Every structure is written in C-alpha cells, then in structure tokens.
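You will see two complexes here that share chain A, one where it goes with chain B and one where it goes with chain C.
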Partner chain A sequence: MSTSLKRRRRLGYLYAIPSLVILVLFVIYPVIYGLRISLFDWDWVAGIDKITFVGLGNYLAIFKDPYFWNSLKNTILFAVGSLVVEFVLGLLCAMLLYKIKRGGLLFRTILIFPLTISDMVAAIMWRMMLDPSSGVVNQLLNSIGIKSVDWLGNGKVVLFSIILVEVWWMTGNITLIMLSGLQSMPVEQLECGRIDGASSWQIFRYLQWPHLRSFAESALSLRMIDLLRVFAISWAITGGGPNRASEVSQLYIYTNGLGKYLDIGYSIAMAILFSIFVLIIVAVLKRIIRIGADE
Partner chain B sequence: MNRKKTLFVYILLIVISLFFAFPVIWIFVTSFKLPVDATNFWSMTIPPRFDNYIKAWKNSGFAQAFVNTLVIAVVTVLISLVAGFLMAYAIKRSPIGKKVKSFFFGGVYSMRIIPEMVFLIPLFILYQQTKLYDTKIGMIFAFQVLTLPYCIMLLCNFIGDIPEDLEWAARLDGCREGQMMSRVVLPLAMPGIVTSGILAFITVWTSLMFPLTLAYSRAQTIAVSISVFKGYGSFNWPVMAAAAMIVTIPQIILFAFCNKYLISGYTMGAVKE
Partner chain C sequence: MKKNFKKVIAAALTAVMVAALFAGCGSGSSDKKEEQASSAAAVSESSAPAAASSASEASSVAEETDKPYAGQKVRVLLNAHPWQEAIEPIVSEFEEKTGIDVEITVLGEDAYWDRVNLGISSEEPPFDVFMLSPNMTGYNGYVNGWIANLDDYVYADPSYDFDDIYPYIVDGFRFPDADGSIYGIPLTMETYMLFYRKDLFAEQNIDVSKLETIDDWMAALDTIKAAYPDIAPAVIRGQDATMPDELLAAVYNNWGDRPYLAQRMFYFDEDWNTQFTDPAVKAGFETWAKLLAMGPVGATSFTWYECVNQFAAGKAATYWFDASVFASTFEDPEQSQVVGKVGYAAIPKTATGNGTTHWAWGLGITEKSPVKDAAFEFIKWGTSKEMNIYTATGTYGPVRASAWEAKSAEFGEEFCNAVDTSLNMSAPGYMYFNGAGEVTDKIIDAVVRISQGEDLDTVMEWMDQQAKEIVEKEGLKNQ
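Right after this comes the complex of A and B.
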C-alpha cells in the first residue's frame, strides 16, 4: 500500500511538471523580472542602455502623477457602474427567462449572443453606431424628436457610453450564471410557498434569493475582476479621450510603457501598483457581499 | 401565472432582446451596403454588395492575420489542454499533500486576477532580447499565461465531478496507476476537455493585448488586424462591418454547434470555485 502511495505521489509530481515549467518561464519569471525592473529608471526613449537604480523612486513618482490617479478613478467608475447595471439587468433577464414556458431557447440565444463577440469587434461596432453625425443611435433618437448626443466627444458622457457598450457585451454572463442558479433550485419549494399564499416578491425574497446568493457572489466577483482589467473597449472606441476622460488604468500603463512612450521601469511600477489595487478592490467587494449575506 | 402577467413578461423580454440583437443586425445589414448608404440608417442598398467581404479580406495583412490566428490558437489550445489536464489530474487525484495543492490552486486563481500588463511589459523586454518577439512560437507560449490557468481551473472542476470510486474499482480490477488517467479519467472528462478547449480557443481568438504588445507583423493576429480598420473614416464603414463579421465567424460556428459546451463553460467558473 505504501509503495503504491509513493508511486502515486511521484506520478502526481510528474504530471505537474509541464504546467509548472510553462508557468515558471512565462509567468513567474517575467513577474519577478518586472518587480526588479520597477526599481530602475529605464526609459528607452532616453536610451536603451541607460539604466539606473532608483529604488522605490518610480513608486513614489506615481503618487505625484495626476494622470495615473485619473485613470484609476475612471477604471473604478467604469467597473462599478457596469457591474451594477449588468447585475440588475442580468438578474432581470434570468428571472424572465426562468418564468416563460415557450421560446426560452430563442430568447436565451439572443440575450447571450453578444458574449461570443470579441471586445474588439464590439468596440468597432459601437464606435460606428455612436458616431455623432452618421451613427445610427443618434439617427434613431432624432426620429423620435430627441436631439443628437455627442456620445464619444463629450467628456461628461463618454464614460457612460463605454459602460453602455460593456453592458451590452457582457450582461449575458450574469444572466447565464443567475439562470443556472434559478434552475438548480428544487421546484417543490417554490410550489410550497405558492400554496401557502406567498406573493411573487415574497417568494423571490425569502425562497429564491437565499439560494441565489452564492451564485450572485461569484458572478459579482468574477465580473469585477474582468471589469477592472478593461482595455480594448477604451482603447478601440475612444483611445482614452476626449482629454483622458475615458482613459482606464491598463490603457494608461500601456501607452506609457509600450504604446507611445517606452518608459519601461515606470510603467512596470504602475502595473504592479495597479494590480495591488485590483486585489484590494476584489477583496473589499467580497467582504461587502459577505456582510450583506450575514444580515 | 395569469395571462396579463405572461403577456407582460414576453413584452419585456422582446424589448430587452431588441437592445441585445439590434447592433448585431445593424452590423450585418451594414456589411452589405454601399458607403453612401451606410451612414444613413434608413437607406438600403439594393442589390446587396457582397464584394465588401472580398475587399475586407484583401485588406493588407487581414487574410494573413486570419491564418496566423488560427494556427496560433489551435497549437495554444492543444498545449494548454495536455499540460492543463495533467496538472488538474495531479491536483485533484494524486496524494501530493494538501498544502502543495492549495499552493497550486491559489497561484492559478491569483493569476486570473492580476492585470495583463504586469506580465506583458516584462515579456515584451524578454521577447525583444530572446528574438521571440513577433514569432508564432512566442505568441503560443505567451498565450499560455491566459489559457493554461483557465484550463487547469475548468478541468479541476470536471475531474472533481468524476466519482473517485470508479478509480478504486479499476484499481481492484488490476488497473495500473500509470494507466489510471488515460483509461479511466480521460474518457469521462471528455466533455470538460471539449469545453475548456472551445473557451481557450475563443480567448486566443479575441485577445487584443497580447498580440498588440508581443507581435508586430509576422505573427500578428486578427484582433489587432481589425483595429487597423478602426482608422478608416465613415466612407468605409461597410468594409469595416464586413471585416467584423468575418472575425466573428468562428464564434458563430462554435455557438451554433457547441452551444451546450459554451454555456456550461461560461457558468462553471462561477458556480464552484
């Protein structure tokens, strides 16, 4: 028995080797290398050979960089805004799909189809549709007597516009998760509630919601992780404009590090600081949901 | 549910469906228009212009990028599935100690949280130094950062669902440890492997940041290639729309034929962690 256990253990390590090699070479090593580079001033525009040790200098410089904080603010506004709308809309869609008896497959297919489109295509599509003069959205608004809106050129509207695109693109994800939550609940329980004369709201609040909560919890945290890392939608629709009003963190880091300037050391430092923020935000979100659950 | 309520539910569903379906219908219709008609929603082009698709395909580098992406995506997925399956099996089934396991799992999970730029900028430098920049092989291994942890997580869920008793039964029947994986677990995990493969393929196909930072021309993929169209003015919307449609073809095919797998994949990551 013990020799067989030993052999199984040895096999286990053997099976882990391919993944470990790939992950060490292409994930762990680059991250450690990045951590080291973030302590250096290495600006390829000033000269690729000029590399000087500055310690935590890059990190300190971030605190004086208003554009970084602007991009962080945009990222958080975008993520929280999208998350709230997506969750409410997604839960509503799931409830509706759960209620109907006919045409469920058709409606589900329509509601989740945007998921299969890439963010780049979604961005290109909506950029045309939101065009101020020839875009279809303004044309439709005009036809019902509403004045054109400068969706992408107005700094006050632009964040709302990219939230709209994100909501269109990814709400289906929450719909699917919540629908599978609803379907996994035994029907008998709902019947009991109905027989006892509970209203639809009471059935939702006291029977379905407690069951759905764990689904909501993972849907919210999974979406939040992806939302905070937003890049393509900002890059491809507005390029961060106008006047950095829609510039998100990953876009600012990319522009600084590779896109326009080649300030490598500084941008890696920003990337690392940003990931710490992401970890904190996700942890806080999870805590908030837990507290909500304990009431 | 009474009739009034049912009617209300359907009306609400139709309104919401319009919001989700309209952009797709719009881009499909636009891809057959003349540029003059594209900027006006109300005017149609008759007969439809199919040559927009040919123009899009012939746009510089587009066809090449399409083929590149196919090759890169298929090889990336194969590597991720083989390595990911072995790893998931080790995590779920071999007695290599709880601590080692939770270390693996924690690592894989946190890798999904960390923003891409943390890997990409260092990889950019390392790729410049090792001549992996702008090569297919470089892209294939870089994409493992995205697809491998994802495949490991999904496959862990699937393997976890297979009753371990089956393996003990096979052991009693004299199945050797080395064969346990290929003879017992692999056949049962097939749906999971298909699901992870499809989702990993879509991840590579749609990824923008990796090719944008690590490739330039020879290994350029479709997501970046279509962004070249981005610079077009409104005079070329139909060609742009046609390009967007071409890029979405693989997803439409997968969606039509592997709907079940796709949906189980989209929900699985959330339902159990």
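Right after this comes the complex of A and C.
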C-alpha cells in the first residue's frame, strides 16, 4: 500500500471520529446501559437507591406476564391492519394522483396535510371526533339514520377505531413514496405498452408494479417499524382501554416504567425484548416481500 | 461476516429506539450514587445561577425592603383545574408585591402526573412548585427524597394562620412516617357526592327526600329511564386512571363500622391478605358497574371530563360518586345548560353502611429546587385566607374554615348541607403502597368487565388473585 493511500486512510478515520463519538455516546452506550439495567430489579417506588441484580429474572417474568403478550398481540393487529389499509389506499391515491391532469397539487396537499400534524394532536382531535355522544362522527351517522357507535368504549370496536385514526394520519406517507416511484418511471415504457395493446391492468401488473416493487418494499418496511412503535394514539385516545383491548406494547412498557409503576428494570427488559420482536417482524416482512418478488 | 456485522448494527439501532427512552433518564445504580450526588451538587450549583445571579443583583436593594426574594424566578407546574384558572390571571399581583418572577405551565390531568413523576425524579427538576395530591406521587417523593419537607415554613409567618386550614385535610399531606412532616399545603378539597337533576325528578313526581338508600335511587332511575329516552339515567367515571380513588367511596358506603388500614383501605388486611371477595367490596364494585352500564353510549371510556360535560349538557339525570368541585361547573352559565336545576346530596346509604371519601389538591416544592424560600412565598400567597376565599368561587372546595364561613351563602344551602353531611361520614380516600399503581389498574379492568356483563363473583375472584400476585411480587408479605 502506497504511503499516500495510508495517509488518506488515516485521514478518513480522523474524519470519522466525530460521528463515532456521537454513535458511542448516544447509541452504543445507552444500549449497553439499557441491557445492563434490564438485569436488575430497580423499582423506584421501593427507593431509587435500591437496586438488586436478578440476572435474567426480568426476562423470565415477562414470559409469565399475560398483559405484555396481550399488548404485543394488540400491537401486531394494529400494525398489520393499519399497514394493509394504508398500503392499498396509499397506492390507489398515488395512481389517481399520477393520472389526474388538473388539481393534482390540491389533492396532494390534502393528502399530505395530516402528515404535518403530530401524533398527539391527531390523537386528541380524533378522541373528540369519536366521542360517542358529542363527537362529529356519530353526529354524521345519526344524521343518516345510523345509531351511535361506541367507538372507544367497546372492546370489539376500539382497535378498529385507532386503526382508522392511524390510516387517516399516515396514508399520505405511502402515497408520496409510491407517487415518486410512479413519476420516476420512464414514460416511453408505458407508451410502448399502450401501442402494443396492453390493457390498463396489464400495464400496471407487468410494467409499473415491477418498477414500484422496491418503493413498496421501502414503504412497507418503514411504515411497519413506525406502526409497531405506536404509543401516542393508544395513550391519548383510549389509555389502552377498555379492559386493555387497545393497550399496545409501548404503552404497557411506559406504564411499567416512568409512566406509572416506576419498575425501571422490568420495563427496560420489556423494551429490549420488544425491540427484538420488531426486528423479527420486519425481517419476516422483508422476506415475504422478497419471496413475492422472486415469484 | 460483513453481513452479520450489519445485522448486529441494525439490531443495536432498533433496540436503542425503545431502550434509550428509559435508559437515558438518569443513572441510578448504587455504584453510581456517589457520582450522582456530586453531579447533583454540581447541577444544583450550576442551575442556581439564573436565580442566584439575578438574586444577587437584586439583593442589595431587596434586603432593605420587604421583598427579600425579588429577582428570583419560581417555576410552577399546575394541573388544569378551577383553582389554576382562578389564580393564573392574578399572578401578576403576587409578582408586583414580592418582585418574584413566576413562570406557570399548565397541563391536562393525563399528562400532568407523568410530567410530575418525571420532573421530581430528575436531577434538575423543571419546576419548583407543583400541584400534588395525597397519592403515590407523594409516597414516591417521600421514599426517594424528591419532595421538600415544609414543616419549617408553615408556622414561620403567624399572619399565614396555618391552623385555619382543616387539620384532617392537612393530614393527607404528611409523610407516612413517625414524624408525619408536611410535604404539601392544601389548596382545595373535594368530597364525593351525588348530583341529580331536580327538574326531572320533580316532573316524574319523585320525592328525592324519600330516596334514602341506593336501592331507592336505582328504582327511581328506572322511572327516569322510561320517561326520558334521550337522557342517560346515570353517569359515572369509566376507563379513567383516577376512577379507583372515587370507587373507594362506593366501597366505603358498604363497609360499615369495621376497621381498615388507612393506606391499604379496604382491600388488604394487616397481613396483606387480599379482601376483594369481601361482600362490601363486591357490593361497591357492583354498584359502580351498574351505574356505569346505565350511562350514555361510550360511558365505559369516560373520564371525569366527559362525565362533567355530559351532565352539564343535560344528557344525564344523575352523576354519582364524584367531586363536589364540579358544582362550580354546573352552576356556571358559560359552561352549563343545567344551572339552577342541579340538586346536591350525600351518597345514599346501603344495607350495610353509609360513607364516602374525600380528597384534596395541594402545592409542594421539589427537594432540589434552588429557590425553595421564594417558592414557599408563592404557596403562602396562593393558599392564604384571601386567596382561598377568592378561588373558592371556582373550586367550591376551599380548605380554610374562614373561607367556608365567607362563601356558604354563595354556595347555597343545599350544596353546603350535602358537603357537610358527606364530610361527617367521610374517610380520606388515599391508597399508597408499593404496587398500588398496578392494583388500581386491575381495579379499572375489573369494573369495566363487570359493567360489560361478566359475572361479579368470577371477576372479583380474578381481582383477588391479581392483587395477591402483586403483593407477593412486591414482597409486602415478608415485611
């Protein structure tokens, strides 16, 4: 290796130092610290100074905790339900926006608007709109002769209600990604298809979709991670109720930790286990998408 | 190898997204204690400058005047509450009088307790004064030394007349040890009572004075339900984190004269044996669940906020086991459509007893506040005789004897009688011990399940089992 190449490499390491310092301070150290604390019984209600090593005790306790598994089930149902609806709607909206010649900017703005709102604001707004007696949703239903629905107090309906809020809030995200995919495709290919007599469906299926697949993969993976990390929508709309029917994992972890019980060691153990689940679920999702692509 | 390394990095990055939320909140292991202590001192010194420097600038002038804390800044965290609404617009008067700069932050109750818990536990609390109640926050603050002891302040100024505040309310704000030091100054109290629509009961020729028991009222509510299909017979808190506090009143109403342990209330005996299958406890839960089932569509998810709105909008005929403070909303023409139509009564008796509970809001100071003296000046002003009378119009629950005397005529005879009767049969409704938060969450689950038609005995046995597990997990039986 030439001396100048060696010098350039050394210089490269030097440039990387600031990023490495930030990485160590804000990523690696918190992860190691979190892993360490998850091995301790650290209950602030008993006293912040009382900290006892319990090994894998917290992790073993999680396996016996039905509320954790219930929250994980709710999280997965919420994430999968939201993702399917968001993707279908988002793709449909992207196709329509791609096709329309006039008013595209207006519709795009309408679709993007919810994205500019924070999750907490969206949650509070929808909590008021879904209020069973004074909310605008039931008032609209009543005006067309449909009886009021208990959107937030009925355990069988509540998960659907929070999926509705999530879909309203984040569908624009998928629309934007898919629209940029459509717009990045050369128009000539589509024109060739049309000249060869392909139907609209055939153009979508054999020309546009193969091009869109990588965009779909990114959109689905990013949204899935985001959906699994849901917190504010559950916390601010239902508080996890009724009877924990809408309690999601992050809310349960928060309640056990700083939110209420102050059982810090246990809540961090749950957070770490939950992170592993997120990783597994996203890996499975990517695998499914890849199998679809190979076929 | 490279691929594996990428996977490890990806795993670490994902893990940190959740773990860092908790891990970054401060070091607390015992081996870090010394480090913490020294950093706390450093923080205390370094955070004081804003207050200290401004204080020193002003001190030369202030020492000679009646404004010893002029130039200091007191940060106040308040829960959205009628007391806060009354006090906030006139804080400038206090600032002018003392030269203290007051910075107020107001939060809704859901977010409020989270912010308090996080704030008081931090090395540098983002507030000096905060609203608190005799609940787990006070207990946690006591165990960890996060809340200041106010014993030295309360009698320092005789004109403050601390003894004018009802002692049974002050007692709720004492640390649970032999000294019983004061950690909070009461500013408003509330007892749990019954609100009803006088006009609806009169229209149905129901003589409320003859409704002596809960069963009498339940029968009357059937009449109301049949007569007014668009009005819910009853409204009561559902999926509300604070509901278990009020539920204590319903249980106490069935408990009778039997003894119980104050901080464990009716749910645990002296050996930490669970008592959720006790007939009185079951009856209290059943009454609550029945009333919840009588509520409007969605009542299961109601917090006190929705309950108050429903009743004030004329959509419910009765409002059960809730705070006397809400009378201020019901009698305010800007917030209520039922002004002058609301009747007030103490909770009616059951076959086994008659009782209710009371609660209070107070003001406390964070232990690590660099401006404790100035902070207490603010508390002293906010809970003074004059201010207690002034804020009583909004709270309907002053804590001073002098304020009740001054405001009785304004509150009305019926309301005062209902409060008086309630307080005469009332016990403090405070439950705190290690694990109380988990128990109260399970209580909410149990009440919702019963209200949705599940068998009372089955649910209460489940509740009993859950409580047993919590007590064992927390190691309370071995203490």
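Basically, the second predicted complex is superposed on the first by the 289 of 295 C-alpha atoms of A that agree within 3 Å, B and C clash if a C-alpha of one lies under 4 Å from a C-alpha of the other, contacts with A are read in each partner's own complex, and residues count from 1 in each chain.
The rule we apply is simple: a contact is a pair of C-beta atoms (placed from the backbone, for glycine too) under 8 Å apart; a residue touches a chain by one contact, two chains touch by 3 or more.
Only a predicted model underlies this, so the values are computations on that prediction, with no experimental measurement involved.
In the superposition on chain A, contact of A:Arg9 is made with chain B only, not with chain C. When the two structures are aligned on the shared chain, A:Ile177 is found in touch with chain B, with no touch to chain C.
In the superposition on chain A, contact of A:Trp151 is made with chain C only, not with chain B.
By the touch criterion defined above, A:Trp69 reaches neither chain B nor chain C. Between chain B and chain C, the partner in contact with more residues of chain A is B.
Of the two partner chains placed by the overlay, only chain B lies in contact with A:Phe215; chain C stays clear of it. Once the two complexes are overlaid on the shared chain, A:Arg244 sits against chain C while remaining clear of chain B. When the two structures are aligned on the shared chain, A:Ile272 is found in touch with chain B and with chain C. Shared-chain residue A:Tyr206: touches no atom of chain B or chain C. Contact with chain C, but none with chain B, is seen for A:Gly47 once the two complexes are overlaid on the shared chain.
Annotation: chain A residues 26-27, 30-31, 33-34, 37, 131, 133-134, 225, 229, 236, 250, 253-254, 257-258, 264, 267-268, 271-272, 274-275, 278-279, 282 touch chain B in one complex and chain C in the other. Contact residues on chain C toward chain A in their complex (touch as defined above): 10-25, 27-30, 33, 110, 114, 117-118, 121, 136, 139-140, 143-144, 238-239, 241, 296-302, 306, 309-310, 313, 315, 434-435, 437-438, 441, 444-445, 448-449, 452, 474.
Touching chain B in their complex are the following residues of chain A: 4-5, 7-9, 11-13, 15-16, 18-20, 22-23, 25-27, 29-31, 33-34, 37, 89, 92-93, 96-97, 99-100, 103, 107, 109-121, 124-129, 131, 133-134, 136, 139-140, 168, 171-173, 176-177, 180-181, 215, 218-219, 222, 225, 228-229, 231-232, 235-236, 249-250, 253-254, 257-258, 264, 267-268, 271-272, 274-275, 278-279, 282. If you check the complex, the residues on chain B that touch chain A are 1, 6, 9-10, 12-13, 16-17, 19-21, 23-24, 26-27, 30, 38-42, 79, 82-84, 86-87, 89-91, 93-96, 104, 107, 110-126, 141-142, 144-145, 148-149, 152, 177-178, 181, 202, 205-206, 208-209, 212-213, 223, 226-227, 229-230, 234, 237, 240-241, 244, 247-248, 251-252, 254-255, 259, 262-263, 266-267, 269-271, 273. Taken in their complex, chain A has these residues touching chain C: 26-28, 30-31, 33-35, 37, 40, 42-51, 131-134, 138, 148-155, 225, 229, 236, 238-239, 241-244, 250, 253-255, 257-262, 264, 267-268, 271-272, 274-276, 278-279, 282.
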